[in-house]
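Next come two complexes built around subunit A: one with subunit B, the other with subunit C.
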Partner chain A sequence: MKKIVVEGLKYRYPLTAELALNDVSFEIEKGEFIGIIGRNLAGKSTLCQALMGLVPHFYKGAYGGSVTVDGLNVAQTEICELARKVGLVFQNPFTQVSGSKMTVYEELAFGLENLGVPRAEMMPRIESAMALLGIERFGKRNPFDLSGGQMQRMAIASVIAMAPDIIVLDEPTSQLDPQGSEEVFQAIQALSRQGMTVIMVEHKMEKIARYSDRVMLLDHGRLVDFDTPERVFSRDDLAQYGIAAPIFARICQGLGIRTPQTGLYPMTLDDAYDQVVNWHE
Partner chain B sequence: MNKIEIRNLVFHYTAGEPILNDISLAFDARSTAIIGQNGAGKTTFVKLLKGLLKPVGGDVVINGINTSDATVAALARHIGLVFQNPNDQIFKNKVLDEVMFGPLNIGQSQDEARERADAALAMVGLAGRINDNPYDLSLSERKLISIASIVAMNTEIIIFDEPTIAQDFSGKEHIKAIIRDLVAQGKLVLTIIHDMDFVAETFERTLVFAQGRVLLDGSTREVFAEEEVLRQAHLEPPHVTQLAHRTGLPGTPLTVEEFVREKRAQGAMRPVTP
Partner chain C sequence: MKALSLYQDNGTLIHRVDPISKLLYIAAAIFIPVVLTGFTAGLAMLGLSLMLLVLARVLRKVVPLIGFSMLVLISVVIIQGLFYAGNRQVMFALGGVHFYREGLLFSAAICVRVLNILCAFALLVLTTRPSDLIESLVRQGLSPHFGYVLSSVLQIIPQMTGTMETITDAQRSRGMETEGSLMVRLRAFLPLIGPVVMNSLVSTRERSLALEVRAFSSRAQKTFLNEERVSTSNRVIKIVLLAAMAAAVAWRVVS
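On to the complex of A and B.
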């Protein structure tokens, strides 16, 4: 089932000259895990906002083409209705915090109240989301007294608690420690296997290669490629788009190793291990 | 004299909930990374160095000045800190004013401040943006502005708290070059960071913080050889090192180039089977 359909999307912020998104078209199936990559200012965050309606409803600006999410045309649907289907974890967790709640627990409850979730249902959802992100100790803490990584964990937990059909995460692990970051990817993968559709912007190419079903490469507002991680990261023009392939692929490239079946470079630790361990010059 | 000396440092925000437990350390000329789990106390530690927080016990001595006896303003000419969240640092509505604020504040002349601001903005690749409003810039650009603001102050000690947040490949390369340049100028550079590949490629010395203590302190290569200790601290070795351990390649390679060189050398040494 097509969960997201984007057709000829063009968008320009008010008072700017260039298109932030330029003729972008793609389709995403329910339950897919989609990685979005691209250099700074490529348009990744703008595309995230276009999926949950902040573009164009909040930012205004010039808009063309269409975004359809679960059958709803985003430009013609109110944000509060879209919020029932699409949850967004913001690039900067500080931007996401409401600022009006005195504790982490109330901060998570705030999102659920807005969705009209009954009180009785709220507590188990909040508690399991906090446990999933390892912040259960901080329920009574003021959100602004958390460390950077703890606050980012709270931002992810508050969206997961809302149990959206589609979750959009804009660099959600940029402040997490290495194990925390791995745990978040595993948790999100588990949600995607249960049917949640996942869109994840990331600069950590090793994680994108390991966890995405398909990877979207954006540059200057255009969709350059949308294919399997192996194919996208084996392009020989990646540098032109400001992207370096995952480290494992770069090592294999340095040794001249390709996966025999596909002729592409191994992308993940496991695949690189299989090829490198048997390698003879 | 060491530029930074820490003796038996103890700190908590709330009595009975210790954050830093009896840390003693000295920093020398080696470029140094501080790594550790979320909540380990890294940001708290550098706020203590900068004098924004005062020790509950022990001493922090910056260029011979005990932070307990000095004001933040007096310390500011010795030590600069790039905040983890740029929004905590940026408050002017023109990029140039923002980057000149720190230098002017510690007594640089208008001309010197302008010159250093221009140089620092060029270093981060934002020379063309002096008239922009920082609030209109993206997170990656605001982070670079906050780095330029501190570099322009030209202090002897510079601390970066998560400098690579939101940076793409070229942004990270830019920041690597800035750190190397500052070290070459003889400055003491400390960097808190969660990107282990960046640590492997950039820093000579690495400290692992865990639950308010220093768990490991050594050359970056020594530290990344300690896979088990890193795991306990919720960290992991760099990707290159992970593949090396898995494939039994000796010597803890830290970069793609080192791995390829070692692997080729190992291949060349393999006895030829007839």
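On to the complex of A and C.
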């Protein structure tokens, strides 16, 4: 089932001359884990916000083409209606704290209160979201007293508690240490396995290569490639788009080792290990 | 975290009374002495408020509030005592300055009224979590948007002060003089306030995006995480307060 269909999407922010998104078309199936990569200003965040309706409803600006999310045409649907289907986590956790709640637990309830979720249903949702992101013990703390990493986990949990079908994450692990980001990736993978469609912008290529089903490469507002991590990261022209392939792929590239079946470079540590051992024998 | 709130979490009986009853109490504390002119009603209300403040164990926090208002009240007493239009009867003289009975009585009535209002408000402010107050107002029909503005201001202003401090430290670490004579401080003002304003503009935009994502402008009937406190005792308090106000009006009409 097609969850997201984007056709010929073009968008220009108000008061700018260049297109932030230029003729982008793709389709995403239900339950897929999609990684979005590209250098700064490639249009990654704009694309995320276009899936949520913030582009064009919040910013206005010039809009062309169409984005269909779960059968709804985004340009004709209000943001609050889309918020029932799509959850969006931003990069800066600090500005995602609503500021009107005194504890982390209440903060997670903010979105649910707005959606009109009955009280009895709220608590199990909040508790499971907190458990998934490992922030149960901060329930009674003030949201502003958390560290950057904890706040980032809280921001993700607040969106997950709203139980969207699709979750869009714009660099959700920028404030987390390596172990923290690994935990967050695993939590999101667990959601993806339960059937949630995940779209994630991330600069940590090793993680993208390991967790994504497909990778979308953007540059200057254009969709360059949208394919499996192996195919995208085995391209010869990655440097031209400001991207470095995962370190394991680069090592194998340097050694000239390809996976024999596909002719592509291995992406993860385990694959690379197997291929290097094979090659050595 | 320091929030802009005077709330004292003592967990007494008074703290458990619902905010709407406390608002009604403020109304009664202002209304009854106005309807029943004379000192008795005002002093009685004031005594009641002070007793409730003691019960809530927050009397110590009221003292600075009263102290501050004293400054204004003393000047009222002096001016009315000297220059009240109905002044006839000299009460006492201080170094040739005459204080009149009528003016002093008039100013005493003002003082009782001000202290009354102050104590009644202190009872609300010191014993109610701001978020609880706003939540119960939203339940009563206040727009959730307005409620959000009220409650977020209490937390976001201290955050902005924090940002201001960070920016001050950052500029100082790059060698900017921010302390010293008035001129030095004035010169330091622009490079400090610029980043603070830019920073808050950017974070306001980001926060409003984040609020939209969390269905802030949804038109669905809002629900609440906290249960509404509907207890018989709260209902009794409200009825008693309304009855007292009605009785005051009746008394005034009859007598």
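What we mean here is this: the second predicted complex is superposed on the first by the 278 of 281 C-alpha atoms of A that agree within 3 Å, B and C clash if a C-alpha of one lies under 4 Å from a C-alpha of the other, contacts with A are read in each partner's own complex, and residues count from 1 in each chain.
Assume contacts are C-beta pairs under 8 Å (C-beta built on N, C-alpha and C of every residue); 3 or more make two chains touch, one makes a residue touch a chain.
Computed from a predicted model, the values in this text were never measured in an experiment.
Q: Subunit B versus subunit C on the shared subunit A, clash or fit?
A: clash
Q: Pick one for A:58: touches subunit B only (first), subunit C only (second), both, or neither.
A: second
Q: So, does A:92 touch the first partner subunit B, the second partner subunit C, both, or neither?
A: both
Q: When the two structures are overlaid on chain A, which partner does A:145 contact: first (subunit B), second (subunit C), both, or neither?
A: Both partners.
Q: Check the residue A:159 against both partner chains and state whether it touches subunit B (first), subunit C (second), both, or neither.
A: Only subunit C is touched by A:159; subunit B is not.
Q: Does subunit B (first) or subunit C (second) touch A:101, or do both, or does neither?
A: Touch status of A:101: second partner only.
Q: Just checking: does A:179 make contact with subunit B only, subunit C only, both, or neither of them? Give me first, second, both or neither.
A: first
Q: Quick check on the superposed pair: does A:227 touch subunit B, subunit C, both, or neither? Answer first, second, both or neither.
A: A:227: touches no partner chain.
Q: Identify the partner contact of A:273: answer first if only subunit B is touched, second if only subunit C is, both if each is, neither if none is.
A: Touch partner of A:273: subunit B, not subunit C.
Q: Check the residue A:114 against both partner chains and state whether it touches subunit B (first), subunit C (second), both, or neither.
A: second
Q: Indicate the residue numbers of subunit A shared between its subunit B interface and its subunit C interface, in ascending order.
A: In subunit A, positions 92, 94, 145 sit in both the subunit B and subunit C interfaces.
Q: Taking the touch rule as given, give the residues of subunit B at its contact with subunit A in the complex, in rising order.
A: So the residues of subunit B touching subunit A come out as 13, 36-39, 43, 84-85, 87, 138-141, 162, 165-171, 194, 196-197, 231, 234-236, 238-240, 242-243, 246-248, 256-257, 259-260, 263-264, 267-268, 270.
Q: Touching residues of subunit A toward subunit B in the complex: what are they?
A: 38-41, 45, 91-92, 94, 145, 147-150, 153, 171, 174-182, 203, 206, 242-244, 246-248, 250-251, 254-255, 269, 272-273, 276-277, 279-281
Q: Quick one: in the complex, what on subunit A touches subunit C?
A: 49, 52, 54, 58, 78-80, 83-84, 87-88, 90, 92, 94-96, 98-102, 105-106, 109-119, 122-123, 142, 144-145, 155, 158-159, 162
Q: Note which residues of subunit C are touching subunit A in the complex, please.
A: The contact residues of subunit C facing subunit A are 1, 3, 129, 131, 134, 144, 147-148, 151-152, 155-156, 159, 203, 206-227.
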